[in-house]
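Note that the chains are named A, B and C in the order they appear, and that numbering of residues resets to 1 at the start of each chain.
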Amino acid sequence: MPESLTFILELIGTVSFAVSGAMTGVQKGMDVFGVCILGLTTAVGGGVIRDLVLGAVPPSTFVHPVYALVAVGTALLVFFPSVRQLLGRRQHAYELVLLLMDSLGLGIFTVVGIQRALDLGHRDNLFLLVFVGVVTGVGGGVLRDVMAGNMPYIFVKHFYACASLIGAGVFLILLSLLGHYSATIGGAGSVVALRLLAARYRWSLPRAHQ
Amino acid sequence: MPESLTFILELIGTVSFAVSGAMTGVQKGMDVFGVCILGLTTAVGGGVIRDLVLGAVPPSTFVHPVYALVAVGTALLVFFPSVRQLLGRRQHAYELVLLLMDSLGLGIFTVVGIQRALDLGHRDNLFLLVFVGVVTGVGGGVLRDVMAGNMPYIFVKHFYACASLIGAGVFLILLSLLGHYSATIGGAGSVVALRLLAARYRWSLPRAHQ
Amino acid sequence: MPESLTFILELIGTVSFAVSGAMTGVQKGMDVFGVCILGLTTAVGGGVIRDLVLGAVPPSTFVHPVYALVAVGTALLVFFPSVRQLLGRRQHAYELVLLLMDSLGLGIFTVVGIQRALDLGHRDNLFLLVFVGVVTGVGGGVLRDVMAGNMPYIFVKHFYACASLIGAGVFLILLSLLGHYSATIGGAGSVVALRLLAARYRWSLPRAHQ
């Protein structure tokens, strides 16, 4: 049962990050193949890094085609102007969709990353679990930004890695108190909520003065 | 016998990618050491990613010095203006050499990557084989471009990852029909042919309109 | 005993690279969280790459919290303008601190990388030992520069990877002649000395003429 939940979550996270990667590719004026590759890289990047770190090789992305196919299919859809118009006709709506998709991917992959480490037997090292969760969550977005020539979100969006870190903690606390389902929904949900609140109220952390 | 073929191919691919990396370093005005490092990274990067993904650690580049030595030696040669003049005196010829070397490396490493996965016992998962082949093929060039501050080829050159993908398919089909030699030559050759045709006839895929 | 020496060295290297990463983040005008993440990435990046290459997973950074905590704590300190004023009030002194910290991290991680490979039983392959040492030494800085959108040091600072390479050789020679302590101090010390000399006397390698 938890396995099927993880599978469904991973699909939703894959779609979300594929949308965010593809939209970034469109913004950079890439052709249809570039848009697909950036969508794919964003969607599967975090999971590949997670599996390399955990020694689960070949990474599941390379073994189970479903994630790559869903990512490429999603990116293809985003490529069509008419689909993007559905996502948001105006600049404001477009950016909201990008924020939502990116936050959803971040939250889900944070939780899925910890779950994967638990499944592989890493139960006692809380630090490892949190660290792996954050790396899985932010990995795809970092690859997207570095490959597209942008400054990575984690450096410029307030509460990006921070939201992932808090979500990882929420997941682990709820897991010991309430069980798997509550932990998953609470963990991923708190990441999305934190990022939306940060964007809405323009939470900002102090910036360095040189 | 196939092992010696793989070895020779990997050397040709190493030289090709070392030339393309070194030429990129020269274009960026790097000094002789920077040119050597970019040549080395381009030449061995795809193989290192491949071995990490397949769990074959330490990656063969770290165990067998020949690849790194050949890559650095090649990059050193490219550094000398007189050698580069042999490669192409005029801008047009220079770019043709860069295209040829990059395509040759892409084709060979795609095929070698699949072969390595087969040697490690991954025989039944066609998706894994193709995916590993493409990652091996494009990996070195992506590292080259990201480290040199360029937009990666795979996003901007039409038919880059696409050629690698088709070449991987050709290799696997010919392998089951005709055997190792035909598959290797047909797979790598089709990558080079596709990229040259794409460059010659300026094949372009539709670009996103924002 | 050597284990405690490695531990202390790794802490000093972690602090040094965390300072260099955090100072780079400050120069880029990042907020406090971005500065911490860049400090962390720089400090632990080389070790993570080293452990992935050696197949020692999960990498020690993920298992032992001390390195990440020290790195984030150091970066937090660097974020405060008053601490940075201690590091160097004038531009010249500031750059000297950055050079020193980066060189210290480079030297220490080169030596620690080789030591880790030796501990894991890779004793006979000198090439592997040197290669792993250099990758461990330069890895954190390359991640720092690529993620911050700078051209990596290894391409533009003369004697960067070169100093690491020479330091690796010095370490291995002294290890066979004099033992662990002399090798460690001689190896890391020669890296720092070479980089300071290169900066002081503006050693430069020939640059490519297009």
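Annotations for the structure displayed:
The criterion applied here is as follows: a contact is a pair of C-beta atoms (placed from the backbone, for glycine too) under 8 Å apart; a residue touches a chain by one contact, two chains touch by 3 or more.
The model shown is predicted, which means the values in this text are computed figures rather than measured ones.
The minimal number of chain-to-chain contact steps leading from chain A to chain C is 1. Of all residue numbers seen at the chain A-chain B contact, under half occur in both copies; the interface is built from largely non-matching residues. Mean C-alpha positions place chain A and chain B at a centre distance of 30 Å. Under the contact definition stated at the top, the residues of chain A that touch 2 or more other chains are 52, 55, 146, 149. Residues of chain A that touch chain C in their complex: 52-55, 122, 125, 127-128, 131-132, 142, 146, 149, 151-152, 154-156, 158-162, 204-210.
On the side of chain A, the complex with chain B involves touching residues 25-35, 37-38, 48, 52, 55, 57-59, 61-63, 65, 68, 79, 81, 146-149.
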